[in-house]
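After this come two complexes, each holding chain A, first together with chain B and then together with chain C.
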Partner chain A sequence: MAVKVISPGLSTSVQDLGRPGYYHLGIPEGGGMDRFATRIANLLVGNDPGAALLEATFMGPELEFTEAATVAVTGGELPPKVNGEERPTWESFPVKAGDRLSFGYLKGGARAYIAISGGIDVPVVLGSRTTYVLGALGGFEGRVLKAGDELPIGAGSGKAGKSLPANLRRPQISPAELRMLPGLYWHRITEAAGKRFFEDTWKVAPEADRIGYRFRGGAPLEFVEREQPFGAGSDPSNIVDACYPYGSIQVPSGTEPIVLHRDAVSGGGYMMVGVVISADMDLIAQLQPHTPAKFAPVTLDQALAARADNAKLMARAEEYLAG
Partner chain B sequence: MREPITISFSGGSALLLQSNSSRFDEQFQKRIWSLATDLQAAPGFTETVPGMNNILALFNPEEIAPEEARRELTERWAKAQPLPRRGKTVEIPVIYGGQNGEDFKPWARHCGLAPLEAAQRHAAGTYQVAAIGAMPGFPYLSGLDPALAIARRSTPRLAVPVGSVIVGGAQAAVMPQTSPSGWHIIGRTNIALFDPHRDEPSTLAPGDIVRFTIEDVWL
Partner chain C sequence: MSIRFNFGGDEHIFGEVSEAMSLDSFFIGLSMTNAVKAANIKGVTEICPANASFQIRFNPDLIKPQDLLKELQSMEDAASKSDSVLKTRIIELPVYFQDPWTHETCMRFRERHQDPNSTDLEYSARINGFATIDEFIAAYSGQPWFVSMVGFVAGLPFLYQMVERQKQIQAPKYLRPRTDTPKLTIGHGGCFAAIYSVRGAGGYQMYGVTPAPIYDPTRKVRYLTDEMCLFKPGDIVKFKSVGRDEYDTLLEAIDANTWQPTVHAADFSLTEFNKDMSGTNAKLMELINGR
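Right after this comes the complex of A and B.
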């Protein structure tokens, strides 16, 4: 069983729930940027939630199936079509041998997750099938899909007509509110600049991808004067290289915050003003360029409560699909 | 008195421990390695990422409360003894200068040295891998002759080729893959530093000794 790539879309790659445990070798966890949509798409077609699927950004691919399968599309509103006929999102549907799956224009969100019963059976590299494009590893030949690729599909059988109702999905609110924990370099920016950071409405810049989301439109940060540490770069935003987890907010040159996402490197020399809480990282994955967003400070307890709420949302959806 | 370290949360599931000194200290780095090993067995901690002068410890807040994790990290750091790790020695032959080392001459000039002399001093050093990070298999090397230090470029290059031998600030490194970088390119090597299909994907590990040898110098 295989799926032929007729056209790849803008940036479509094989993803799963990521490759944890290799930060110390400089390899990020990666995986589907919208974890909720990744897991649900798989469950809708009867796969393990961590099976490999396709993540399509802004624009869908066109695929041809060599054998019958069950398919589901979740995440951003990218309407699937089978041989030109529209199919619902968040609901599994059947495809026959020779069928073509294509997509209409994106109506909302940024990333769609296309799960196929049996999962995409590319080789496991360092514990995962996730594509890490920067490191050219995992997925299909370590890169985004190209026309002519043939993706191997594992054995599996899903049931068509399985769906997740809207009230069990994560709501997308505009302007997006990105909750964050102010970080250890917060003291390096002036009090007034810190206040402005939260008051301003930012917009997602065109440079928004799996590595990071850049935001634009707010006031530049003003830094407190300091003595430049040895080994750090000359800009006031430079620090001695440190490790940072995904979600970290860097502000190179103090002008435009970048929220590091799933494919971000594990360290670097720019200061972090804070970290977007894990519960809101799926939300960022679905932001299109030019979407307004605000940053909101939370306490550690609030962050943990949000994390628990997020886990509950996932558990409720999984329970519904299991029942 | 100033605390020698700062421990701070990086979000709700990570702690960063870093030295308050901005200078590299071998003994401090050896304690970092020791802590990294120790934390692998600590309940609730999922991953440790030793950096240069710092270490990031990831934990699962469902298994260990953040304040508990901070206490744990603080206590384990207090007990961490310098790990006398001296790993394998890896020789890296370098072609200095030419089109594969475009910053070679300006770097030598900045250091006030003739190009050949700069290459010789770079190759005379004994380097140790302080940490791996930033990209798959990227080694942060300590041991650069202070006379060879140079501030990073103000504008990073978008694609520094794999195998580039680079210096940035007081640090030396080799590019394991083609990637953006703001460091200065002084030469090129053919040694592969990273291969995901090997049992040990990264050629270098913290504690390893690196020696650069002169294969050629383009003047």
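Right after this comes the complex of A and C.
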């Protein structure tokens, strides 16, 4: 069983739930940027939640199936079509040998997750099938898909007609609210700058990908004056190169915050004002360029409560799909 | 010295040994991360040493953040008193300085540089007080470097030169990062050298290229079959300046997969090094030269 790539879309790659354990070598965890959508897409077609699927960004691919399979599309509202006929999102549907799966225009969100029963059976590298494009590692030949690729599909059999209702998904609100724990090098900016950082409405910049999301439109940060420590570099936003947490918000030169995502660069020399909480990482995955967003400070306890809420939502969805 | 601990969201603890770079701080960070590794703490998923800091990632569903913090704090005393002796290795890496590829890239991004009228090498030599580029390269490749961090992208080493602070070469990063850097470029930012393991964006000054792959996701390069990444924190690296002819010869051997770098086991003591830097370095370099 295989799937032929007729056209690849804008940036479509094989992802699963990631490759933890190699960040100390600069190899990021990766995995579907929207983990909820990744897990649900797999469950809808009867796969393990961590099976490999396709993550399509802004524009869908066109695929041809060599054999029958069950397919589900979750995440952003990217309407699937089988031989030109529309199919629902967040619901599994059948395809036959020779069928072509294509997509209409993106109606909401930014990334769609295309799961195929059996999962995409590329080799497991360092414990995962996730594609790490910068390092040409894993996935399909370590890169995003190209026309003419043939993706091997594992054995599996899903049931068509399984769906997850909207009340079991997390709604998208505008402006997006990204909760973050202030910290790391927060003390480097003035109190006034810290206040402005949360008051301003930012906009997603066009430079937004699996590595990180850049934001624009807020006031530049003012730094507390100091003599730069040895080895840091001369810009007040420079630090002696350190590790970057997933979700960390770095602000090079104090102008445009960048939130690192699942394919994060693991370290570098820019100060960070804090870290977006784990519960809100999925939200970032679905932000299109120019979307307004605000950062909201939370405490560690609030971050843990939000994490627990997310886990509950996931558990309810899984329970529903198992029932 | 006391480590500044901080939560990075709900999944990371960040520990800053000091704001400024020094080998003493690096060693404390390395001792801390080694101790965390040895303690095998439930819920810890990533242990990352950095130049003068470190980061631990954890799953808060398995360990309470405050409990992990307490555990890390309890290790601090022992880590800062450890005797800083390292069983490590010295690796000799050929570098073709002033190569045509980084030069071409450097010229393409002049408007992002502090001094658009100089090359990166001219600029760096000048601001560090060297009369010529040759003298700058001699200083760069004359004394060994310590791998004080691996990261940014897969297998990229940050290197800290093993010389007195007043002899450390320093250079700012580009005003705006480049969108391109040739693969295996030797770059410099702050007081750190870096070797770009893959082609991509970058902000460091560019001085040369090595023909030797340092990261191989396919594990075909003969010295990267076990580990995809050549370097780990604590490795010692000596650059060997080579010309175009030698570079081309090396490249042929690397393409034929018959070449591997000169590597020698080495014992390193921070106390001895701090007492006598040039003497310690001379002994280390004898290991690779006296083969």
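Descriptive notes on the structure:
In the analysis below, the second predicted complex is superposed on the first by the 323 of 323 C-alpha atoms of A that agree within 3 Å, B and C clash if a C-alpha of one lies under 4 Å from a C-alpha of the other, contacts with A are read in each partner's own complex, and residues count from 1 in each chain.
We adopt the following convention: a residue touches a chain if its C-beta (ideal position, glycine included) is under 8 Å from a C-beta of that chain, and two chains touch if they have at least 3 such contacts.
What you are looking at is a predicted structure, and each value in this text was computed from that prediction instead of being measured.
Once the complexes are laid over each other on chain A, chain B and chain C cannot both fit and instead clash.
Shared-chain residue A:Val3: touches no atom of chain B or chain C. Once both structures are placed on chain A, chain A residues 20-21, 23-27, 125, 132, 134-138, 181, 183-184, 229-235, 238, 240-243, 245, 247-248, 265-269, 272, 275-278, 300, 303-304, 307, 311 are touched by chain B and, in the other complex, by chain C.
On chain B, the positions that touch chain A within their shared complex are 6, 8-14, 16, 18, 22-24, 36, 46-56, 58, 61-62, 66, 132-138, 140, 151-152, 154, 169-171, 176-177, 179, 182, 194, 196-197, 201-202. Within the complex formed with chain A, the residues of chain C that make contact are 6-12, 14, 16, 18-22, 45-55, 57, 60-61, 65, 149-156, 158, 160, 165, 168, 170, 172-173, 189-192, 197-198, 200, 215, 217, 228-229, 232. Chain A contributes residues 20-21, 23-27, 125-126, 132, 134-138, 181, 183-184, 229-235, 238, 240-245, 247-248, 265-269, 272, 275-278, 300, 303-304, 307, 311 to its touches with chain B in the complex.
Interface residues of chain A facing chain C in the complex, by the touch rule stated above, are 20-21, 23-27, 125, 132, 134-138, 142, 180-181, 183-184, 229-235, 238-243, 245-248, 265-269, 272, 274-279, 300, 303-304, 307, 311.
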